[in-house]
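So that you can tell them apart, the chains are marked A, B, C, D, E and F in the order they are listed, and the count of residues begins at 1 in each.
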Amino acid sequence: MYITRRERFSASHRLINKEISPEENKKLFGKCYNPHGHNYEIFITISGEINEASGMIVDLKDLKKIINDKIIIKIDHNSLNEVDFMKNKIPTTENLCIQIWHELKKPIQSLGGKLYKIRINETENNYFEYFG
Amino acid sequence: MYITRRERFSASHRLINKEISPEENKKLFGKCYNPHGHNYEIFITISGEINEASGMIVDLKDLKKIINDKIIIKIDHNSLNEVDFMKNKIPTTENLCIQIWHELKKPIQSLGGKLYKIRINETENNYFEYFG
Amino acid sequence: MYITRRERFSASHRLINKEISPEENKKLFGKCYNPHGHNYEIFITISGEINEASGMIVDLKDLKKIINDKIIIKIDHNSLNEVDFMKNKIPTTENLCIQIWHELKKPIQSLGGKLYKIRINETENNYFEYFG
Amino acid sequence: MYITRRERFSASHRLINKEISPEENKKLFGKCYNPHGHNYEIFITISGEINEASGMIVDLKDLKKIINDKIIIKIDHNSLNEVDFMKNKIPTTENLCIQIWHELKKPIQSLGGKLYKIRINETENNYFEYFG
Amino acid sequence: MYITRRERFSASHRLINKEISPEENKKLFGKCYNPHGHNYEIFITISGEINEASGMIVDLKDLKKIINDKIIIKIDHNSLNEVDFMKNKIPTTENLCIQIWHELKKPIQSLGGKLYKIRINETENNYFEYFG
Amino acid sequence: MYITRRERFSASHRLINKEISPEENKKLFGKCYNPHGHNYEIFITISGEINEASGMIVDLKDLKKIINDKIIIKIDHNSLNEVDFMKNKIPTTENLCIQIWHELKKPIQSLGGKLYKIRINETENNYFEYFG
């Protein structure tokens, strides 16, 4: 049994590899080298067994609180280039999936579930999935 | 090859464990202990081989009829706490996925497909998946 | 200039006219006479002039707080038949629009805007609009 | 008869009134004073009569080209604070509606239609409308 | 008070003005001169007063039946170029709005409501509105 | 790590098995034997490793170009019964998934990714998935 929680955040980013020149960055990232932003949607999927007493895998209120405290308050209405867990990473959505996985894996275990997937929608035309 | 059919139903429910006191239920389920309701979306995924003569796995009209007769007419515009196949179950969406799986597994085999997944969206922010 | 804020709530309702018999209610309301529920979406539209200092009509945080305090905490995860401002009303979405209009009209004036429209989506297939 | 074309752009912005101090800006705009961004959706509505020969009000290809040339290429994957037609404006969505109205009004007249409304969705929870 | 009902239909069409040559049609309509198709969404908006006994403007079941009998069974899974009420019309969505208005105006009056608007979404990027 | 790109196309089709009679086709395919059409959504999912220099699996611009050149320009605003890679196939969405898989598999390898899944949504109520 899997449960998925969606959260949303609005953030800006600018794709930049700090080890290469501005010209090379412009060539590599094109218009993504400009500061711009998105309404990101994040889907956190957890696997687990149903608890007999509650009929639930985990309590959604607890899950929502963890996602909010560890992720949303840090990145919503902010620049991904400045977020602590994105330091020294190119702020692509691929890297964002991986860093969020590392932030959430242990807190979700403490709820009694197992983190299964991080999916992030960047626009209505592209999304990214990471399974750890 | 997989085919997925979406259907919708509007139902009310109230989360309650009949073996514990009202105070314990209130503590366990919070505001979900109040009668409330949702526009549920259900996605039934079937795996199978393509039939050479029709170019299809199963006929969607037949699939739609099974889902309607076995599930939708029983739960749409109704209270999940009163539905026959939810009797003695806490009407969480987790339990609803499992019970619907049991209702649909055999009828779908009779169509020549194999039930692969039941997904139910409770709100735009959470959904549940069961693979049997 | 118009600004519209969307909020969501999940509620149950049962259509019933208390002045007629159960048989007449069943005939009048069909399956809507059963307790059932929806994920309602409400869109509150406000008209106003842009404030030069902020570039805004009203502050969305203030608007969100009013909608939450006056409406959402009363009806989310509840039965519309029990909500204080729906007392003695048949809990159709038409009546819900009108009652919410009366609850919000003055608080929104105190923000410096003018309530223009209440729209409520009951399902993805029907919605209702009230202009006062 | 009205026709509406939707386009999308991803941009960053930071709400700032340059005539007040950083502390006052922080108090006025809260977390919107941080650089952040959105996937904006813009809906351009045009009124007109149906052309007998084509059965259309205007040709959507022509309308799309105007919106792209005048608006999208300037603001997509960019910072609203830097866009030419937003200079000296607080980059709220209210001001963005008004400036885009001024950019599009005449070019759309040259197509034989009349600009009726600019609507911009900033997130799934709020949108703005301007009728000139 | 306004109520809006959404229905959907999947149809093909080919834009053609029968009074001009194939070359001129190709020039006028571009790739829309090829047979192609859409999942159309139609929104029928009705204005009216609330009936005291039911709390409704009109009964949605009756409205749904009229839309189905007059429109959907004729155009769903069909070619718009062949539909009876589109004969001798270029099958643009503009013309479709107008013809559907004429088909629905009287039947909706017989329900006790007044047809206010026909909106048709052709794709997620364009829609058309007709107010009679 | 997986990346998914969505593209859209509007096409008509008519389900027909050329080896059986019109009566048999009508019986087998029902109203799908009429020419009709859809706004198809296609989701192409690619698996791969993150490139250290770019922080990406593949460049979305390159992926978009391949999908457009190999698929979209051939089928958008066209009849699936006439598309070159659908010749001699019943134009069901099942067969469309398989044929598109064959068209895209090699070009995507040349980008450095691996084609993982083709998903096509035919309407909001049904979709098809093929994993090769």
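Observations on the model:
Convention: contacts are C-beta pairs under 8 Å (C-beta built on N, C-alpha and C of every residue); 3 or more make two chains touch, one makes a residue touch a chain.
Here the structure is a predicted model, which is why all the values come from computation and not from measurement.
The set of chains in contact with chain A as well as chain F comprises B. Taking the definition of touch as given, a chain qualifies here only if it contacts chain D and chain F alike; those chains are A, E. Which listed pair repeats A-F comes down to matching contact pairs by residue number; over half match for C-E among A-D, C-E or B-C. On superposing C-alpha atoms, the copy chain C sits rotated by 120° relative to chain E, to the nearest 5. Residues touching across the chain C-chain D interface largely differ between the two copies, under half of the numbers being common to both. Set against one another, B-F and B-C show the most C-beta pairs in contact at B-C. Our note on geometry: chain A versus chain E, Cα centroid distance of 42 Å, whole angstroms. Centre to centre, using the average C-alpha position, chain D and chain E are separated by 29 Å. Taking each chain's centre as the mean of its C-alpha atoms, chain A lies 33 Å from chain C. For chain F, residues that reach two or more other chains under the stated contact definition are 124. Every pair of chains that touch is listed here: A-B, A-D, A-F, B-C, B-F, C-D, C-E, D-E, E-F. Against chain A, the residues of chain D that register as touching in their complex are 8, 10-13, 31-32, 34-39, 76-79, 123-124.
Residues of chain C that touch chain D in their complex: 1-7, 50, 53-57, 60-61. Within the complex, the chain C residues that touch chain E are 15, 17, 20, 28-30, 89-92, 94-95, 97-98, 124-130.
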